[in-house]
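Below, chain A partners chain B and then partners chain C, in two separate complexes.
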Partner chain A sequence: MTNIINYFQSSIWTIVSFIMVTIIILIPLLSFLSYSFFTVDNVEIIHEFSLYNFKEFLTGEIYIPTFFRTLLLALTVMIACMITGYPIAYFLAMYAHRSKYFILLILIIPLFMSYIIKIYMMRSILGYSGLINKLLMMFGIISEPSEFFLYNQNAVIITLIIILLPLIIIPTFTSLEKIPRNIIEATYDIGCKPFQSFRYVIFPISLPGLIVGAVFVFILALGDFVTPQLVGGTSGFTYGKIIYSNFGMAFNWPFGTALASILLIVSVIIILLTNYLTRKT
Partner chain B sequence: MTRAETFTKYILGFLTIFVVIALYAPIVLTIFYSFYKTRKGKVDWDSFSYEPYTKLIFEKQILESLVNSVYVGLVTVVFSVLIGFYFANYYHTHKGKMREFLQFVIFLPFLLPPIISGLALLIFFREVGLPRSLNTVVIGHTIFVLAIVYKIILNKLETLKPSLMESAYDLGANKLQAFWYVLLPNIKLSLVIAGLLAFTISLDETLITLFLIGDDTTWPIKLWAKMRVGFSKQVNASVTLILILTTTLVLLIAWIISKSEKKIMY
Partner chain C sequence: MSSILELQNISKNYGSSVVLKDINLSIENNEFFTILGSSGSGKSTLLRIIGGFVKPSGGDLIFNSKVINEEPIFKRPFNTVFQDYALFPNMNVYNNIGFGLKIRKLDPKTITDKVEEVLSIVGLNDFKKRMPHELSGGQQQRVALARAIVCEPKVILLDEPLGALDAELRKQMQLFLKDIQKKIKTTFVFITHDQEEAIFLSDRIAVLNNHQFEQVGSPKELYYNPKSKYLASFFGECNLIDGTVDHINSDIITINTAFGKINVKNKYKNISQNQNVTFAIRPEQIFLNQNKDNNSFSTKVDRVEFKGAVTNIILNFPKNIKIKVQINNAEEQIAINENDQFNIYFDPNFGNLFVND
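And now, the complex of A and B:
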């Protein structure tokens, strides 16, 4: 009897949790997906199945190139963050000794600081008469202010790196920090050179952390629409910005949703792939 | 340490310093501009004044958006910690495929690009006829931070021995008593950390909020709107104040974690 009650109780919990999750997360996602098959007539949304939006995506001149350009941009940001973030996480875990948590904290705090402000200020740092140009001129690297840094792709990439870099440092640091010291010493004892020890022992162990961080950076860079809006100018528009514009001035929710659902599919594939990769290693 | 290794160490150290400077440059500049004026791109060093801070009292819109943000943050904390605890406890006490599925779904809004979560909720609210307001923003924030809150609480639950709750039941406690007198005191620090983190994230959430906000504004949305006309000194001053608040919150979280010594996160 108690077994039956217990079973019944636990299944009620299961049902309640399932309903909760469904209502707050799954149904919105499903209604989102269903919208991508609707069309719009002036300001009315027509709730009828149609593949028009996807046809538009495939045949439109700007969508696919922008999509791939944005993938490339996110990839650039991700690789730059990996190249910069990994050495820092390594420095913290291996050389910073007792102050490692303190430095980590210093690196994490900007993550919680106003996103909009960082982008806004990057504008005045990267601008024509901005800090970067002034510094480069002071050191005599360039003779006159360069327009290389603002209102183009470069500006978007630099700003995203500044915003997202801490995200890659945190998981990389945690996976590096877990490596026991005696394992590293053991590699020296069996005759490894420092680089070999890094290449064959330390790096493979820390790889899952690096991958997790990299995926975070990639997905966030891929979907960002505020950064390109503010520092990207006319040449730096991204896929996310196109999606966003369909919800603003060009009132075409179904089409915007169709564009976003492609982003969703790509993201889910990446997430599942990461899950698989990090679980195996 | 070999010479090459010492060399690496210094190079990495310099890189770290450089990155810290790069990460803080936008923030430090904002604080700087709240005190000093610039003329034709040159800093007027005599113009130091904290007037913007006192003038902030008259900026009704900014203050209102700050109040809205705090309201959204607080309600988000309550909901996300309650729901997060519920699911963490569910995952901890149940077995089977269902819990893995639920965990995956909870993580979705956090892992997907924020634009997707924002859009999904926007469309959902439109379909069910819920007008956009601060409350819809609260729902969006709750779903977004839920994964983090859930994970922190779950990690704490998993450090507890199963015998803890069993002995409470053996001693005659009912479910509620076991929860209140045994489980809660053991996990309360993780609840506090999760709540503080949820508040800090909610305070600055921009991408989801942009889709869900109605006629009201939260503070980041106000900044976004002000950006087109350029920032006044008062805006910079409000930014500085918020920066102090978030830094304090993050330091508080770090302090609680280090105090509780046991690893709660990760």
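And now, the complex of A and C:
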């Protein structure tokens, strides 16, 4: 009898949580996505099924190239974050002993800060009379301020790397820290030199953490539109910014939605793919 | 036999706390050597010093007449079986075992042959594709052992490898370890806190107590001729009876105890008149119902513990001294009940005397 009651209770909770997910996430998402099949006449949305927006995406001159350029940008940011984030997480987990959680906390604090503030901060560092230019001039490396760091693609990449770096450090650190001491000792015991120990055991064990972080960074960099808006100038045009301008400036919601749906689908495919690959290794 | 591994005045302290003090030891080639100690006695630290995971604060570690204090872990021809196995979670059983050979850059054919051979020694041929987390504790233990022996080390270090297993499996693994050690003819240095396990497995045992070796010897030496009172009761059960030396002649020492005079065979050099001593005798070395002129005492039974193969009889002596006697139950014994009057006899050839400070 209690079994039946328990079963009844647990199935009630399953239904409730399912309903919650549907109301909070699925319904808004689907109603939003449905817009991609509408069109716009002047500023009036015509509620009739049409594939016009997707055709526009495929035939328009700027959309596909911008999409791939943005993919490449996100990939660059992701790889740069992996290369800089992994060593930081590694030394933090392996050598920082007592201070590691304090250092980790310092790395996490920026995550609580407003995104916009962080970007403005980066702008003041990268700008024409910003910190980097001043330092380079102080050391006599350049004679006048460089425009290399602001209002271009470089600025977008640098800003995204700095902002997204904690997202790769945290999961990597967690997976490295979980490795029991004696497993590392066992590698030396079996005859590994330090590099072999890293190459064959430590790195493979920490790889899932690194991948989770990399996916985070990639997806966020791919959809970002505020960073290119604020530090990208005219050459730092990204796919996210096109979506933004369709909503904010062109008032073409259906087309913006179509572009966003394509981004969403690509993102989901990437997540599923990495999930499948990490499970396989 | 020749000594393969020697420890000379090895000591270890962390700050002001001493873990090991002047450890001297010589381990013979191909012997099953056990370091026995209670938890916190420093036995694991000693093993870690041999393995190279911990640097000694002083002293020398000598392997085949060569000092190897500074030799890094991966160059030492030793392999360790860790307490909680420490299998590589990212490799299956086969790769865990073959990893050491791969690092040594052996050709794939040789690796396959050796791994297959070791797999059949530890009886895990059917499990080679499994991941470590898919194995039971006993199986993980076998993989850890296989991983160590496949590299053909000169010494295998085992850090309480059976500690996490339940009693039944533990017994099986003890037999298994002993067989393997005979089969592969390698020196085993084994760490445990379990006396029975040590006695069963070892060629020699070193007992670690108070940061030092209390005694080093064969299981029989330790059992029958313990060097201290601590050791006498550490290995198996022992009755400890306090007394003073009454008189000494060339072959007998007579001691005064709370319940009378006991004669003990004189095999001691350091005992003199009127010294406070403790007489230690094991329950199975006391005889019942033998009435002799000397060494015979009569008293009441306090408790009877039937244990199947043996029966323990606890006897009450004056001043609340209790003496345990063990009798063999080869045939059904005549009923012994509480408060029965009984005679016991101490054979002068049995038991040991220890001088008290």
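Note that in this section the second predicted complex is superposed on the first by the 267 of 281 C-alpha atoms of A that agree within 3 Å, B and C clash if a C-alpha of one lies under 4 Å from a C-alpha of the other, contacts with A are read in each partner's own complex, and residues count from 1 in each chain.
Keep in mind that, in the parts below, contacts are C-beta pairs under 8 Å (C-beta built on N, C-alpha and C of every residue); 3 or more make two chains touch, one makes a residue touch a chain.
Not measured: the values here are computed from a predicted model.
Novice: Check whether chain B or chain C contacts more residues of chain A in the superposed model.
Specialist: B
Novice: Return first, second, both or neither, reflecting whether A:205 touches chain B, chain C, both chains, or no partner chain.
Specialist: It touches chain C, and chain B stays clear.
Novice: Applying the document's definition of touch, where does A:191 land relative to chain B and chain C: first, second, both, or neither?
Specialist: second
Novice: Looking at A:92, would you say it contacts chain B, chain C, both, or neither? Reply first, second, both or neither.
Specialist: first
Novice: With the two complexes superposed on chain A, say which partner A:65 touches: chain B (first), chain C (second), both, or neither.
Specialist: neither
Novice: So, does A:230 touch the first partner chain B, the second partner chain C, both, or neither?
Specialist: In the superposition, A:230 touches chain B alone.
Novice: Touch check for A:183: first (chain B), second (chain C), both, or neither?
Specialist: Second partner only.
Novice: Please identify the positions on chain A that touch both chain B and chain C, taking each partner from its own complex.
Specialist: On chain A, no residue contacts both chain B in one structure and chain C in the other.
Novice: Would you tell me which residues of chain A are touching chain C in their complex?
Specialist: Touch residues, chain A against chain C: 180, 182-183, 185-193, 196, 200-201, 204-205.
Novice: Could you pull out which chain B residues touch chain A in their complex?
Specialist: 2, 4-5, 9, 12-13, 15-16, 19-20, 22-27, 29-30, 41, 83, 86-87, 90, 94, 98, 102, 105-106, 108-109, 111-116, 119-124, 127, 139, 142-143, 200-201, 204, 206-207, 210-211, 220, 223-224, 227, 231, 239, 242-243, 246-247, 249-251, 254, 258, 266
Novice: Which residues of chain C touch chain A in their complex?
Specialist: 51-53, 72-74, 78-80, 82-84, 86-90, 99-100, 103-104, 147, 151
Novice: Across the complex, what residues on chain A touch chain B?
Specialist: The contact residues of chain A facing chain B are 10, 13-14, 17-18, 20-21, 24-29, 31-32, 35, 84, 87-88, 90-92, 95, 101, 103, 105-110, 112-118, 120-122, 124-125, 129, 131, 162, 165-166, 174, 194, 219-220, 222-226, 230, 240, 243-244, 247, 253, 256-257, 260, 263-264, 267-268, 271.
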